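Alright, structures below, take your time with them.
Look for subunit A in each of the two complexes below; its partner is subunit B in the first and subunit C in the second.
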Partner chain A sequence: MRQSSQEGHLGGIEAFVLVSMFIAVKLFLHIPRELSWAAGTASWMVPLIALVGVVPVFLCIERLANRFGRASLLSIAGLLWGRYVQWFLGLLLTVMLVIHTAYQMRIFAEFTITTLLPNTPISVVIISIALLGLFLAFNGLENLSRSAWLLFPLAITVFILSLFLAGSQGHIYYLSPWLGYGGIAIIETGFRFVGLFKEIMILMLIAPLFRNQKTFRQVGVASLLFTGLIFTLVQIVLHLNFDFPGAREIGFPLYQLARLINLQFVVQRVEPFMVFAWSTVTAVGLAVGLYASAIAATQGSRAPDFRPFLIPLTLLTVVVAFFPESSIEAVHTYTYLMMLLPILFYGLPVITWIWVMIFHRSSEELK
Partner chain B sequence: MRTISLCLISLLLILVTSGCSSGRELERTAFVLTMGIDKGVNGNLDLIFRVAIPRSMDIRAGGETSTLQETTKIITVNARSISEGISLASTNVERKLDFRHLRTVLFGEELARDELLYHQLDALERNPEFRRTTYLLLTEGPAREVFLSTRPVLERSVARYIDGIMQNMREQGFGTPVTLHEFVTAMETYHLDPVLPMVKNNPMVQSEKVDSKVKPMPEVKYKRREAGKTEPGGKTTESLPRSGGNPSEFIGLGIFHQGKLIDKWSGWETNSYNLLRDTYQRSMWTFDDPSGHFVYSMELERARSPEANIDWEGGTPHIAIQLSLDGDLRSVQSLEPYVDSQGIALLENHAATLIEKEVRRLIAKAQEKKIDPFFLSRFVRMHMATIQDLEDLNWRDEFSRAQVDVHVSVKIRRPGLRIQPSKEYEYQRAP
Partner chain C sequence: MQNRWIKKILSLFTYEPVRRKTFSLSPSRTKGQNAILLRRTKPSKTQNLSPLPISRDEFQEFLGRKFCSRQNPDFIIRSLQTSWGQITIAFYRSLTDANKIQEFLIGPLVEFLPPTGRPLCLNDLQDHLTYCHIVNAAFSCEDTVQSIIRGMTFVHIDGFEWGLALDFQGDRGREVSEPHTETVVQGPYDGFTEDVSTNLYLLRSRLATPDFIAEDIPVGLRASGAFYLLYINGLTNPKLIREMRLRLESVDVDMLYNVGQLEQFIEDRPFSLFSQMITTERPDRTLSFLLQGSVAVLLHGSPQALVAPVTLWSQVHSPEDIYYRWPISTFARFIRIIGTLITIFLPALYTAMVVFHPEMLPTDLMLSLAAAREHVPFSTAFSLLFLEVAFDFIRESALRVPKIIGPTVGIVGAIIIGQAVVEAGIVSPVVIIVSALTGIAGFSIPHYSLVNSLRIVRLILLFLASVLGFYGVLLGLVVLVHHLSGLKSLGVPFLSPFSPLHGPSGDTFVRTAAFSVERRPFYTRPLDKFKQRPLNRPWDPRVPPELLLITKDVSSPAKGDKQA
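And then the complex of A and B:
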């Protein structure tokens, strides 16, 4: 893939923060509640089991990137199956990423209205976050990753502190019965939720931006482990404070956890800090989503620069964000998408890797 | 061109991100500090709102107020639901009613007895203005009566009044603070019956009210009203023999089962409840002296979380509960020289025996009604693997026929600022 002259290489730590934030956006939405629905008291095990399911997929991505000199997956697909397949896969990925980002945008807007800005029209919130995302993405992934890295220490400190304070008020017995709906059920649920980490697919689009294979591999592994740990921690704290019948009905789990922090006269009403962490991660995550859709379109069509795609795709994202008639519909569809999108996001690298292993013996083509 | 574009984008961002459309100016907001809910006529609700008058609390603005009645105003409306009540109340208030600073919600007893209390919680949970850290209280009689008669002894700020009362419950016992979150979680938890702290009007103090002030009654009248009260304060659910102060008393618990208020427990029983439920922090305990005359007092705090071992052998559950307390000796009215190793052990064992007796009595009371507000099932579920096991557990029946052993350990760590009690050298108390 030809990169624009404006696109620089990604630093390891910046890329780790960026990918982690992209994955973690859903944590601030309704997903902790969905995990509680599916796995009851053992919902904290779901991210760990899902992580086990995602590791082989990431290994496929990593092996492919290694074999083709960190070419993007769409370029590899073009090489293997021709430009029309590359174009089609690029289009498919673009559409899926637009839908995914649009639904995240819509749910973010719904939650903002529910909690903070009850009288603000939803269009104002969606357009605002879309403009912010567009601005961040327009300057390229290198700049976006540096912004994310600058915001990360404060956001993670606030986040961990809030979780610690909320957790300290909870009760360990709400985590029992320890296996939720049973051992087999929890493993099955864990694999059903492999989509928790589906955003790791961005690595197959931005592989050319890494300086070397080692950094690429480290970023992937660290992002998966870090987000897996955070997902697990959130579920534990949620269930320390809410017994499972209540946890699965919480409208906005992380925000409501932060609102529970009440250390008598001293520490209370601290949820604005959590809102800061939430807004930061969401803004960066949505910007990465917009960038990813643009870069998929760029690579699919073998265009030289992603920027011409960015504005129309942002516009499309805003349009799709208005599709759901209600918050409930948006949430249901997003959960459904989380189960559906891994078929493409995980299937594509796995099929490509299998194809390469069976039919593609030479590794010299890209050279 | 680039600069102009940036300026235009910045201007647009300022317009759309300022959030002005959801702006709520302080001058246009009426903060509701406490709320009461009573059963009204025709199945409706009577909703009572205590609205703050911020200006009257500001001494710099010329406010000379000293009572809650002067810093707040009470509005009562009859409506079918809380949400409807709020909107109806807004028709006569010139500002928007705002519940973000709501400290407590009081539920009337009739509402709780008629299984209507649970039905009001959804409105409190759903509306983001209500926080789940809001305290809930159950009133003996109508909540509105408590609203109209409450006269904080010192505070004119409702927030400090409520926070102070709740802090006293934690430190002095006789009650247990329950937030909306805790109550709803208790409702949703398997094999647990929720409780609410009680607030009641003291009839003696109530009779001392003249206009809006409480004027302590004369000595003769007080002695006459006090006569016949044989039980120590807090032992029964009756009001304390008391003159002056706040007509409202925060003592005891209301016990719920299947959505209905089924029992009221006294201040002493509340202390035992707190010990078993692990909501106990510290409290003053007063016991009859081992010598048979006078009493002695100890301030005891929780040394460790309660432990329970449940043995299912033989078809009948055996529950062995271990409670650990330690604290300070606060008074020895008998002036007996207990503060040596033998005397301290005597007081400790005596106190432990009396607490055990109280706790056993309360457990038997709960077993009789087939309820478990102590959440003893938590010790069972901690050994469970699946939710199916938890759902299949018939805990209330099992608990009702269980043999319960309670063992209390009391340790006096410090005797206070005095070792043996002071005594006149030649004083001999008449036998």
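And then the complex of A and C:
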């Protein structure tokens, strides 16, 4: 593969949209239902509490990036613990990201054929979205972030409009009891769902692409706040429209919300328009997932370019996407993954930061 | 053959570093290495030049052999015996003006009196031939041949090792006329012609600055003219000029007939559907781009200028936008953008809605559409494709047939499309409306090349919509946006200033009032960032007096009053 194009820097706003879309993919899957199940009517507090839990982790990532001139976490790991550990961690991250992306791909495909394309084989949807992700990721993150930024206005307009139209016909008393299962239970559930924002780990892999530390910090903070706000809004609108027993049984929460809207002006139903927001965010999110897995493999093996990894990893992702026997199995496994993956994604930067604080001295400090 | 494909597939999984050569105007990019030109016609300092024959017979024999004068009656070698020497005049009859040669060359030569006491030198003749302003000396056979094929008249004097090439060119082609593809209601009515000198005249007569440079770069092995690289010294970014010069010098072909052909050689992504440069036949528009910091290229024989870098938005702008007041221009731009969206998406959205998501439509409309489609045996996508192809047939035939019968083709097409196909039950009336609206909306785009690109995009989206509904349209949309955001026009992102995001320039979608657009577009990174002074309406009572003080405007009413 002749690499004639070069990776450029990420713009602040483009990177913010990119990271936010990567985090927000799960919003369009079954996760709002899981939150309702776990926290009852107070599920809208869960993202806010989880956000509080994620901030220290992000601070570790930010401090590490600052200390090592925005080197990637795997490069820092290589510097601290040697190339074999770097290779192993790269492999581990790659595998986890492939599995994560594959399950998102599978659930997206299940939802698509259930709601929009009932006569289409699931393989068509999986392969088409995988090819799209491959195409998006292949041209590098700079191009991908620009595409995400261009698609963002369309996606956010459709999304906010749908939430507004659905929310305006809700009932405020569906939100009571205000603390759901109780204050302590809510806090405990909030910290349990800290994995809602686990995709923020992409920042540790793409840190070298930022121009300066300030942009890096701003992108991280803004993405977390924005997605936290969106998660909260969705949960509020969901509970405004569906009472608690109903909300925790809905198959596709956001799609169901869009189905409640009846315009009777030019078009009467708007849920196919919701596909624009849904598929845009998912396409970009999956492409970022594929890119992240390729870049983790690249950094772990100290390869010069990520592109040769991309096609094999996309193939692997498609293969893994076909592992679950049913939609239910895919949804359950993905929920478990959301709880398990933060151990690696959050643990790695935290351990590295602690190690650096205790054992590592830079050459200047040694002098 | 098989080996090549295997190598191509294997290359997807291997890494092969190559020289970094992506050009970008961004200062944060690493500098690319300069390409090494491998020209067939590369001029070399060590090239051996054959000296000009001294004797008249040898010179005439050389010319006769070189220009095949027996087979080429167009080529004239004339001998002239004067009181001071034997003169040979060589020229192409078709390229020169015989009257001018007789009056301004032969007459003065016959009357010429050589200096006494010293031999005749080059300057004596040059000083004497005052009626011609381009008099070049030639000392080699190669220079002689080059000057004659470019339409010059060559003069050689027996016994001397030099000659003179004089410009007595004849008719320079058609007169300046109205542009054919960029007509405007308000604005100048002159357009470029095929003669590059006339085109330069049209530009220079408007732009009165010595900084306006028209740099000539040799073109083609067998072409007579040259490229003219146009830019403004002290305004255009030198990186741009260097890059364009490099790209032009790299072109080494027999001949280029038009700048449209040249564009394919020098654009950043030649395999893209979209043109990344603008061809214009309007001198005012060319100058407007030059003053924005872009560069332009003129080519002899081409009635258009090629402009780069440009953005996608400038392809949606009309030349007359700058001549109207801002609300009218802004409104027109919004109409064009809506037209662009309709021409890309309408057939695909209609197909997706009717075939895959009829529940979206209000019940009455859905029933009415279903009733209209009831007797149509073909699918919606096929009907739209049929109309699209028919529409293209009409368009192509209207372009090709003589102008007198052009309207007839339109009428026949309208009858076939509008009436006959519906009555025959091939398509439904709604599909006709969709197709017609799509076609007309497409023509609201001023840049013809963009219209053609969007036709292909529309067909691809129609196919995706017919297979996957809204999901397919969305896939196409994401691919389209991603492709466009990756394009560059001479190192400038094609979707600037939206992607990458930069502050609004005041002349992208919304055209603000002319006096408020102070800066040139940032994406060309001009050396001189301002195109007008900050305060052009100091007499306006709405201008705050503090602003007048800050800008120290000498013509401000406040200062005038104080002096009074």
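Basically, the second predicted complex is superposed on the first by the 351 of 367 C-alpha atoms of A that agree within 3 Å, B and C clash if a C-alpha of one lies under 4 Å from a C-alpha of the other, contacts with A are read in each partner's own complex, and residues count from 1 in each chain.
The definition used in the following text is that a contact is a pair of C-beta atoms (placed from the backbone, for glycine too) under 8 Å apart; a residue touches a chain by one contact, two chains touch by 3 or more.
Note that this is a predicted model, so its numbers are computed, not measured.
J.: Looking at A:I311, would you say it contacts subunit B, subunit C, both, or neither? Reply first, second, both or neither.
T.: A:I311: touches subunit C, not subunit B.
J.: So, does A:G8 touch the first partner subunit B, the second partner subunit C, both, or neither?
T.: Touch status of A:G8: second partner only.
J.: Applying the document's definition of touch, where does A:F28 land relative to subunit B and subunit C: first, second, both, or neither?
T.: After superposition on chain A, A:F28 lies in contact with neither partner.
J.: Regarding the shared-chain residue A:F276, is it in contact with subunit B (first), subunit C (second), both, or neither?
T.: Second partner only, subunit C.
J.: Is A:L117 touching the first partner subunit B, the second partner subunit C, both, or neither of them?
T.: A:L117: touches subunit B and subunit C.
J.: Give one of first, second, both or neither to describe whether A:Q268 is in contact with subunit B, with subunit C, with both, or with none.
T.: In the superposed model, A:Q268 contacts both subunit B and subunit C.
J.: By residue count, is subunit A touched more by subunit B or by subunit C?
T.: C
J.: May I ask you to decide whether A:T41 touches subunit B, subunit C, both, or neither, giving the answer as first, second, both or neither?
T.: In the superposition, A:T41 touches subunit B alone.
J.: Between subunit B and subunit C, whom does A:W353 touch in the aligned arrangement: first, second, both, or neither?
T.: So A:W353 meets neither subunit B nor subunit C here.
J.: Looking at the overlay, what does A:G182 touch: subunit B (first), subunit C (second), both, or neither?
T.: A:G182 sits against subunit B, while subunit C stays out of touch.
J.: If I apply the document's touch criterion, which positions on subunit A are contacted by subunit B in one structure and by subunit C in the other?
T.: Touching subunit B and subunit C on subunit A: residues 116-117, 120, 124, 128, 132, 135, 264, 268.
J.: With touch defined as at the start, can you tell me which subunit C residues reach subunit A in the complex?
T.: Touching subunit A from subunit C are residues 11-18, 20-22, 24, 26, 28-30, 352-353, 356-357, 359-363, 468-471, 474-475, 477-479, 481-482, 484-486, 493, 495, 498-501.
J.: What residues on subunit A touch subunit B, complex-wise?
T.: Per the stated touch rule, the residues are 40-41, 114-121, 124, 127-128, 131-132, 135, 171-174, 176-183, 241-246, 256, 259-260, 262, 264-265, 268.
J.: So in the complex, the part of subunit B that touches subunit A is made up of which residues?
T.: Interface residues on the subunit B side: 9, 12-13, 16-17, 19, 21-22, 128, 131-133, 163, 167, 179, 181, 184-185, 188-190, 378, 381-390.
J.: Spell out the part of subunit A that touches subunit C in their complex, as residue ranges.
T.: Going by the criterion above, the answer is residues 1-6, 8-9, 11, 13-14, 112, 116-117, 120, 124-125, 128-129, 132, 135-136, 139, 143-144, 146-147, 149-151, 211, 264, 266-270, 272-273, 275-276, 279-280, 283-284, 303-305, 307-308, 311-312.
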